[in-house]
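In the part that follows, the structures are each spelled out as structure tokens.
Each of the next two complexes has chain A plus one more chain, namely chain B in the first and chain C in the second.
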Partner chain A sequence: MKHVDIAVIGGGPAGLCAAISGASSGAKVLLMDRSEKLGGQLIKQTHMFFGSEKQYASVRGFDIADILLDKLNEYKDNIEIMNNTNVLGLYEDGVITIERNEKYEKIKPKSIVVATGASEKVLAFPNNDLPGIYGAGAVQTLMNVYGVKPGKRVLMVGAGNIGLIVSYQLMQAGVEIAAIIDASPTIGGYLVHASKIRRMGVPILTSHTVKEAIGRDCLESAVIWKLDENWNPIDGTEQEIETDVMCISVGLSPLSELLQQAECKMKYIPELGGQTVLRNENYETSVEGIYVAGDVSGVEEASSAMVEGYLAGLCAAQKIGFKHKNYNELKEDYIKQLESLRSGPIGHHIRSGIEKVMGV
Partner chain B sequence: MRIQNHPILNFEKGEEIKFYFDGKQISAFKGETIAAALHAAGVKVLGKSLFKHRPRGFYCAIGNCSACSMVVNGEANVRTCVTMVQEGMIVETQKGKGEIL
Partner chain C sequence: MLIKTGIPTIEDIKSVFPSEDRINKGPVAVIECYQEIPCNPCFTSCNRNAIKDFADINDKPLIEDELCNGCALCISACPGLAIMVVDGSYSENEVLIKIPYEFLPLPKEGDTVKGLNRAGEYITDVKVIKVQNPKSFDKTPIIHIAVDRKFLYDFRNIKVEEV
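The block that comes next holds the complex of A and B.
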């Protein structure tokens, strides 16, 4: 059994920041990630971030990953990195089991930050399992990390920010977008992204959904139809679109299996992506010593994930006797940054979700 | 179907290697996943479903969903979207659950 002060599960934006924060408080941190390369989904983000300077606004996602890795390196004496490591279990007594180099190991940390992220949702329609139908994030990985085009002509399902951004990135990679459709009567993503795409001649069809996918071994075409004001499909409005790639971009849900196994209290909160863990303002769950940060604590975006990581790492260290010398100022600053990221009409959804999550 | 020119990214490819997909030799680059290499070679069907034998391709590409399971060097249920391709690797379409032993 290996002993550490803080174990951080997941090396994406939230996990990296939690590790930096815990280590800068003086704790010994073990950072685990299943991939070879740390950075989580930042490594495929070619767009410039929003938010403020503190969350690296106007910097491209993959460059933010490098900035965070450099910061991590400043604390290398306090941080042990285990990449290519699958966390298998998180038990009620706080023991973590892992698989690394085909070996099974056990870890007993004093506190834990779970930053496992989220997974892409699927959409129900006939033949939705055909190869050629992918999560929008999957296509982003394929083209931006590996330089491989997903196909020739894409139907994007979902006009939220991910759907819009990935559509634009597909065009940058030289792939045609047949259309972007969304069941909602309005475009969910930022207008600045939507306008850019419309100017490039791509139709964005709101109040439209997929009726069925068609293809023998792989996707060959898709039938879409219009929805009325009650979201019911209207007969006779079907259109068949020739497409070999359909991207599903209808939201994400927290990857909370480990938290459920550890018996953290959960609640179904649609605004935050589904089954979501309950927590307090320090991002500690109902199980003492288990903290959360990033999308696993409620789906938002990478800017807030980073701030949540800093905050959770700071609190997880303080809990076990490693109080950062600027603990109070830092904590106040992180809370303010999160408030600002979630302010205004766009953050309304998130704020109402978070109200339901608080209270352990 | 590899991206030739990109306004933002420079793809630094690793060494060119060969591997086998259902007995057929395929070229790939070191540092890419099996699923990415297959996709670049036009292979989208990675397995067949357990009961209805429907074609399966990857869905998430980051190791969450297991739709990309294939038999790699005789081992079933390898998530090919997060497993790096290697020289001489023997990759096969997985039918159903695959055999453990």
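The block that comes next holds the complex of A and C.
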């Protein structure tokens, strides 16, 4: 059994920041990620980030990954990185089991930050298993990690920030977007993103959903139809759209299996993406010593995930006796940053979701 | 409607445009950021304090036309690509409009390209005056376009035909 001070599960924006924060407090940190390369979804983000300077606003996502990796490197004496590592289990007694290099190992940390992120939701319609129908994350991986175009003409399903951003990136790669549709009557993503796609000539059709996908061996076209104000499809409004790629981007849900296994208290909170773990102000769950950060603690933007990571790492270290010399100021600053990121009208549903997770 | 289609109405557009008098005096930024979102690089990038201090990061940017000299620093800092600079002093019949443009191929100086409106529809042919793409713009090139004055409130994008 391997012993460490803090184990961080997941090397995306939240996990990287948690590791940096824990190590800078003086704790020995073990950072585990299932991929070869750390950075999580950041390495696929070619667009500039929103937020303020503290969350690297105006810097492109993949450059933020590099900034965080450099910071991580500053604390390399305190951080051990395990990439290509699958975390298999998280037990009530705080033991983590992993698979690495085809070997099964056990780890016993003093505290844990779970930063496993989120998974994509699926959409039910006839033939939704045809080749050519992808989740938005897969399309981004193909394009921005491997440099492969997923197809020629894409129907984007979902006008949230991810759907809008992936559409823009597809266009930059020279792929045509037939349309962006969304069942909701209004565009969910930032309107500045929507406008920059719309002025390239791409129609954005709100109150529209997929009726069915058509194709013999792979996707050839899709039938969409309009929804009325009660979200019921309207007969006679069907349109067939020629497309070889349908990209589904209808939201994310927290990837919380490990937390459930560890018997952390959960609650169904639609505003935060589904089954969400309950936590306190320090991002500690109902199981003492298990902390959370990023999308697994409620789906939000990457800017808040990073701040949550810093905060959870700071508190996870303090809990086991590694109090950062600027603990109080840092903690106050992170809490303020999160409040301000969530303070506007866009953050309204996040705020109402968070009210429901607080209090363990 | 903007929130349903992504296309701002002419009222939306006019609400953020400086007066034509100000535009005719020389370059000035037009910030089309109609929604409160947690974002402020426009404010932090402007070193003339032409964008009012954000009390809250969700505030919409407010520009003081008289302080703005149209330097265009904020254009490539804005992750929403929501800013352009218009200059009505350019020539009698044309305004010079500086827009961010993140697609390949980039146009070349002297090219004639298609001018598009905010729905991406063709409105008129326009002339490329200058293409700026230094490292400091971090992959958001700025294209200077001469546009017939009558399209001041319509023009917002270009289409470069591949050769």
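Here is the rule we use: the second predicted complex is superposed on the first by the 360 of 360 C-alpha atoms of A that agree within 3 Å, B and C clash if a C-alpha of one lies under 4 Å from a C-alpha of the other, contacts with A are read in each partner's own complex, and residues count from 1 in each chain.
By our rule, a residue touches a chain if its C-beta (ideal position, glycine included) is under 8 Å from a C-beta of that chain, and two chains touch if they have at least 3 such contacts.
All values derive from a computational prediction rather than experimental measurement.
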Touch test for A:97: chain B only (first), chain C only (second), both, or neither?
neither
Touching A:50, do we find chain B (first), chain C (second), both, or neither?
second
Could you say whether A:199 touches chain B, chain C, both of them, or neither, answering first, second, both or neither?
second
Once the shared chain is lined up, is A:151 touching chain B (first), chain C (second), both, or neither of them?
first
Quick check on the superposed pair: does A:344 touch chain B, chain C, both, or neither? Answer first, second, both or neither.
second
Which partner does A:286 contact after superposing on A: first (chain B), second (chain C), both, neither?
neither
Just chain B (first), just chain C (second), both, or neither: which does A:83 touch?
neither
Chain B versus chain C as contact partner of A:239, first or second or both or neither:
neither
Once chain A of both complexes is superposed, is A:303 in touch with chain B (first), chain C (second), both, or neither?
second
Common interface positions of chain A, toward chain B and toward chain C
60, 172, 174
Residue numbers on chain A that touch chain B, as the complex places them:
34-36, 41, 46, 60, 119-120, 122, 129-135, 137-139, 141-151, 172-174, 217-218, 255
Where on chain B is chain A touching in the complex?
1-9, 11, 13, 32-33, 36, 39-40, 44-46, 49, 54-65, 81-82, 84
Chain C residues touching chain A - in the complex, by the definition given at the top
2-8, 32-41, 44-45, 56-58, 77-82, 102-104, 116-121, 138-140, 156-157, 159
In the complex, go through chain A and note every residue touching chain C.
47-53, 57-60, 171-172, 174, 185-187, 190-202, 204, 206, 301, 303, 340-347
